[in-house]
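As written, the chain order gives the labels A, B and C, with residue 1 at the start of each chain.
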Amino acid sequence: MINIKTEYSLKFLSEYLDAKLIGNANTIIKGIAPIDSANESQLSFIHNPKYIKHLKETRAGAVLLNQKHIDSFATNYIVVEDPYLAYARLTNLFVVKKTEATISDRAVIGKNCKISNLNVDIAPNVVIGDNVTIEDNVVINASVVIGNNAYIKSGTVLNSNVSIYNNVQIGCNCIIHSGVVIGADGFGFAKRKDGSWSKIHQLGTVRIGDDVEIGANTTIDCGALNDTIIADGVKLDNQIQIGHNVEIGKNTIMAGCSAVAGSTKIGANCAIGGFSVIAGHISICDNSMITGGSGVASSINEPGVYSSGASGVVPNSIWRKNVVRYKSLDQMFKRLKKLETQMEKFTTTDNKELENVL
Amino acid sequence: MINIKTEYSLKFLSEYLDAKLIGNANTIIKGIAPIDSANESQLSFIHNPKYIKHLKETRAGAVLLNQKHIDSFATNYIVVEDPYLAYARLTNLFVVKKTEATISDRAVIGKNCKISNLNVDIAPNVVIGDNVTIEDNVVINASVVIGNNAYIKSGTVLNSNVSIYNNVQIGCNCIIHSGVVIGADGFGFAKRKDGSWSKIHQLGTVRIGDDVEIGANTTIDCGALNDTIIADGVKLDNQIQIGHNVEIGKNTIMAGCSAVAGSTKIGANCAIGGFSVIAGHISICDNSMITGGSGVASSINEPGVYSSGASGVVPNSIWRKNVVRYKSLDQMFKRLKKLETQMEKFTTTDNKELENVL
Amino acid sequence: MINIKTEYSLKFLSEYLDAKLIGNANTIIKGIAPIDSANESQLSFIHNPKYIKHLKETRAGAVLLNQKHIDSFATNYIVVEDPYLAYARLTNLFVVKKTEATISDRAVIGKNCKISNLNVDIAPNVVIGDNVTIEDNVVINASVVIGNNAYIKSGTVLNSNVSIYNNVQIGCNCIIHSGVVIGADGFGFAKRKDGSWSKIHQLGTVRIGDDVEIGANTTIDCGALNDTIIADGVKLDNQIQIGHNVEIGKNTIMAGCSAVAGSTKIGANCAIGGFSVIAGHISICDNSMITGGSGVASSINEPGVYSSGASGVVPNSIWRKNVVRYKSLDQMFKRLKKLETQMEKFTTTDNKELENVL
C-alpha cells in the first residue's frame, strides 16, 4: 500500500477495521500515540489493563478498545475485540511510503535477469548478478547486492546494504532490513593432520518463505548440502545468527541477538526470547517458548515455557562469592547428601542408644 | 583537525597539553607506544602502576606521567595530573586524516537536500534521499545510504557501508562506524487468531545527541510511536543492539555485543560491560555499573556495581556436574533447609533427653 | 580453481583424492548428498558411525568411507583414511565459480594503487582508497569499500558490502564474508573530570595471515598502539567481535557470536564454541577448547576442555526458583558449612556424653 496522505476520518478508520464507532465520525486523525501523550488529532489504544486509568484523562481524539473497557468518558471509541491487533493494522495507514517506483540507471543488473515491470523499485548502486528474477512490487534499496540465480518474489522489500548470495530464494511480502546477510557460507571445516583446516564448500542455499521479516544485521548461512529453510510468517529480530541447515517453522518469532547452531530444527509457532543460544543438531517442537538469555543444549519434545541461565543481577560483591560457589556446586551437593545420610543414620543410631539408656 | 604531519617537538606537545616539560624541548616525537616497546622517537605514558617498573629501562623519547612518579631516570617527562587522559588527547595529533573534502560526482543526492558547502566530504557511491540536511565538516564514506528527511549535524563522520533510515537525526561530532544500522524497524507484531503476526509499523525514529560514538555493526531501532533516544556523549561499542524506544542517558558507555530490549531507560554516566543483556520496559538509574556478561532482568534504582551470571570456566568434567546440580538448585535449598530444621529440633530434643538422663 | 563443469567420473574423483576405488570407474557423479538422501548420480560419505546403518540401503552412486567400513553392499566405494576430510576436499569440485575476472569500470580506484593484472576481479561499486595493493587472483565483490594503504594478498576473496579500514593487511587465500568490518576503531576512551569521555584515537591496524576465513558481519577492531593480529589458518564464524590488540594464534577456530575483549592473546589450535565471551587482558594457551556459551574471566594456562555457565533449559517455573537460589548461593554454602560443623561437633560431643552416661 502507498500512503499519499496520512490523515483519516474516524469513519474511514472504523470501516477499515470493520469495527463499531462510538462518537464523532468526522473527527480527523493524523497519527497514533500512547494513551498518556496522545493529542486531539491522535488515536490511541488500550491493550495493557494498567493503562485503563489513563482513559479518564486522555486527550486522544479516539481510542481503540475492547467492549469491556467502554465507559462514559468524553472521547471517541472504536470498539474491537483485540485492540493491539487493530492498532497493528492501523499502523499500515500511517507509514509514509515512496509513491513512485523506478529502476535507477545507476543500478547494475546482470545478464538474463527477469525483472518485472510492474511497480518494481530499484535504487542507485544496487548490484544484481546474472539470471536473477525480481517479481512485481519488489523494492530494492541502495547498495543492496544480489548474487546470481537469486529469486525475489512479489512485494518483498530489501533495505539498504543487504547482501544476498547466489541462489538464495526469498518469498512474497518479506521485509529484509539493512545489513542482513543471507546465504554466506556455513561454518564447516575438516581438520588436516597438521592441524590446519580444509574448507567444506557449502553447496546448499537459503530458502525463505512468504511474510518473513528479518532484522538489521541478522545473518542466515547457506546449507552445507541441503538448504537452510525459513518458513512462512517467521519474524527474526536484529543480529540473529542462523547456522547452516537450520529449519525454522511457520510463524515462529525470535528476538534479537539469538543464535541457532547448524542443523537444528525449530518447530512452528515457537517464541524464542532475545540473547538465547540454541545448540546444533537438536530439535525444538512446535509451540515451544524459550525465555530470553537461555541456552538450549538438547532437544525439546513437549510444548511449554523453558528457561536457563543465572540472570538477575545482585551487587557485585555478592555475585563474586556466588560465582566461586557455583564452580563447586556439585561438591556442595555431595556434602549436602553426606549430611543427610549422617543425619538419618545418626538419628536412628542415637535414638536406639538413647532408648537403651533411658 | 587535519594532521598533515605527525611529527612534533616535545615543546609543542607539552604546550598542547598545557603541561610541565622536564627534559629536552627539542626532542622530536613521531608516535606513541607502550612503555616497554617505545623507541627514542616515541612517547609513552604511565597510567597503570604496574608499568612503573619499566620507567628505569624505557627507551621512550618522553613519558607522560604524574608528578608522584617522577624519578631521576634519563628520559624526558611531560608532567600531568591524569596521564591516561593526556595520552587520549595526544592521540588526536597522530591520526592521519584526509586533507581535502570533496563531494564525489559518483554520490547520488536526492531532491531538496541542504548540503553545507563548508568542508563536507561525500565519497563515491554514497546515496542520500530527499530533504536531507548535511551540516559543515561532515564526512560520509563510501556506500553509506541515508534515508529521506535525515539530519546530520556538523563534524559527524559516517564510515563506509553505514545505513541510516528515514527521519533519523544525528548530532554534532559523532563517529558512526562501518556496518552500523540506525532506524531500522523495531520488533513489533500483534498475533492474529490463526497464529500469524500482523506487523506494527514503527512510526517513530532515532535521535542521537552530540559526541556519540557507535561501533561497527551496532544496530539502533526506530521507536514504535515515540523516538529512540541516545543522549550526548554516549559511547557504544561494536555489535550492540538497541531496541525500539530505548533511551540512553548522557555519557553512558556500553561495551561490545550488549543488547537493550525495547522501552528500557538507562540513566546517565552508566557503564555497561560487554555481552550484557538488559530486559525491556525497565529502568536503570544514573551511575550504575553492570559488569560484563550480566543479564539485568528488573529495574536498578540505586547506583552501584551489579552482576549476574555463572561465568569463570572450570574443566568441562566438573562443569557438566554443576550444570546438573543447578537445574535442581531449589531442591538443594529445600533439602538444606530440612536438614537445618532437623538439626535444630534434634539438638534441642536430644539435649533435653540427655539432660534428663544426666 | 574455476569449475566450468561440475560432473566427474569416479575415476577422476578417486585420482583427485589419490584413493582406492572399488566399483565402476565410469560412474558419473554430479553432486554430493547425505547418505540417506543421495541418489545414483550423487556421492556421499560415512563419517559419523551412526550413519553406517544407511550403507545397506543408500542409493548413492558412490560412498567415501574408511577401509574398516567396507562391506559387500552394492554401490561404489572410494576408500580413504579420513572420509570427512576427503569430503571437504571434494566440495572444491562442486562449487560453481565465476570464470572471467574483470575490473568493472564502475569500480572507483584511488591514487597510486598497485592492482595486479593477473586474474583480479573487481565488481561494480567497489571503492578502493589510495596506495592500496591488490595481488593476483583477488576477488572483490560489489559495494566493498577498502581504505587507504590497505594490502590484499593473492587469492583472497572479499564478499559484498565488506568494509576494510585504512592500513589493514590481509594475507593470501582468505575468504571474508559479507558485512565484515575490519579495522574499525577499538573502544578506547579516557574519562574527563566532567564525566564525558575523551577519545583515544586508535593508531594501530589489523594484520590477518593466510588462509583465514571470516564469517558474515564479524568485526575486528584495529589496535590502539600496536596491531590486532589474526594468524594463518584461523577460522572465525559469523558475528564474532574481536577487540583491539587481540592476538589469535594459528589454526584456532571460533564459532559464531563469540567475543574477545581487548588485548587478550589466544594461542594456536584452540577451539572456541559459539556465544562465548573472553575477557580482556588475559591469555589462553595453545590447544585449549572452550565449550559454547562459556565466559572466560581469567587466563587459561593448561590445555584442556573448559566450560562455564548455567545452560540447559528446564521448565520456567523451576528455573525461576533456581535463579532466586543462585542469588544467595554463597549463603547456602555457609549454611551448609555450619551444618557440617554442628554435625561434627554434635556427633563428637554427644558420643562423649553418651560414653559418660553409658
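One rule holds for everything that comes next: contacts are C-beta pairs under 8 Å (C-beta built on N, C-alpha and C of every residue); 3 or more make two chains touch, one makes a residue touch a chain.
Since the model is a prediction, treat every value here as computed from it, not as a measurement.
Asker: Which chains, if any, touch chain B and chain C both?
Answerer: Common contact partners of chain B and chain C, which must touch each of the two, are A.
Asker: Are the two sides of the chain A and chain C contact the same residues or different ones, given that same means over half of the numbers occur on both copies?
Answerer: Because under half of the interface numbers appear in both copies, chain C and chain A meet with different residues.
Asker: If you average the CA atoms of chain A and of chain C, how many Å lie between those two points?
Answerer: Taking the average C-alpha coordinate of chain A and of chain C, the gap between them is 25 Å.
Asker: If you look at chain B, which of its residues touch at least two other chains?
Answerer: Within chain B, the residues that touch at least two other chains are 125, 143, 161, 179, 217, 239, 257, 309-312, 314, 322, 326, 329, 332, 336, 339, 343, 350, 357.
Asker: Mind pulling up the chain C residues that touch chain A in the complex?
Answerer: Of all residues in chain C, those touching chain A are 31-34, 37, 82, 84-85, 87-89, 91-92, 94-96, 106, 123-125, 141-143, 159-161, 175, 177-179, 211, 213, 215-217, 233, 235, 237-239, 250-251, 253, 255-257, 268-269, 274-275, 292-293, 309-317, 319-320, 323, 326-330, 332-333, 336, 339-340, 343, 347, 350, 354, 357-358.
Asker: In their complex, what parts of chain C are in touch with chain B?
Answerer: Contact set of chain C toward chain B: 108, 125, 127, 143, 145, 147, 161, 163, 165-166, 179, 181, 184-185, 187-192, 195-203, 217, 219, 221, 225-226, 239, 241, 243, 257, 259, 261, 277, 279, 289-291, 294-298, 300, 304-312, 314, 318, 321-322, 324-326, 329, 332, 335-336, 339, 342-343, 346, 350, 353, 356-357.
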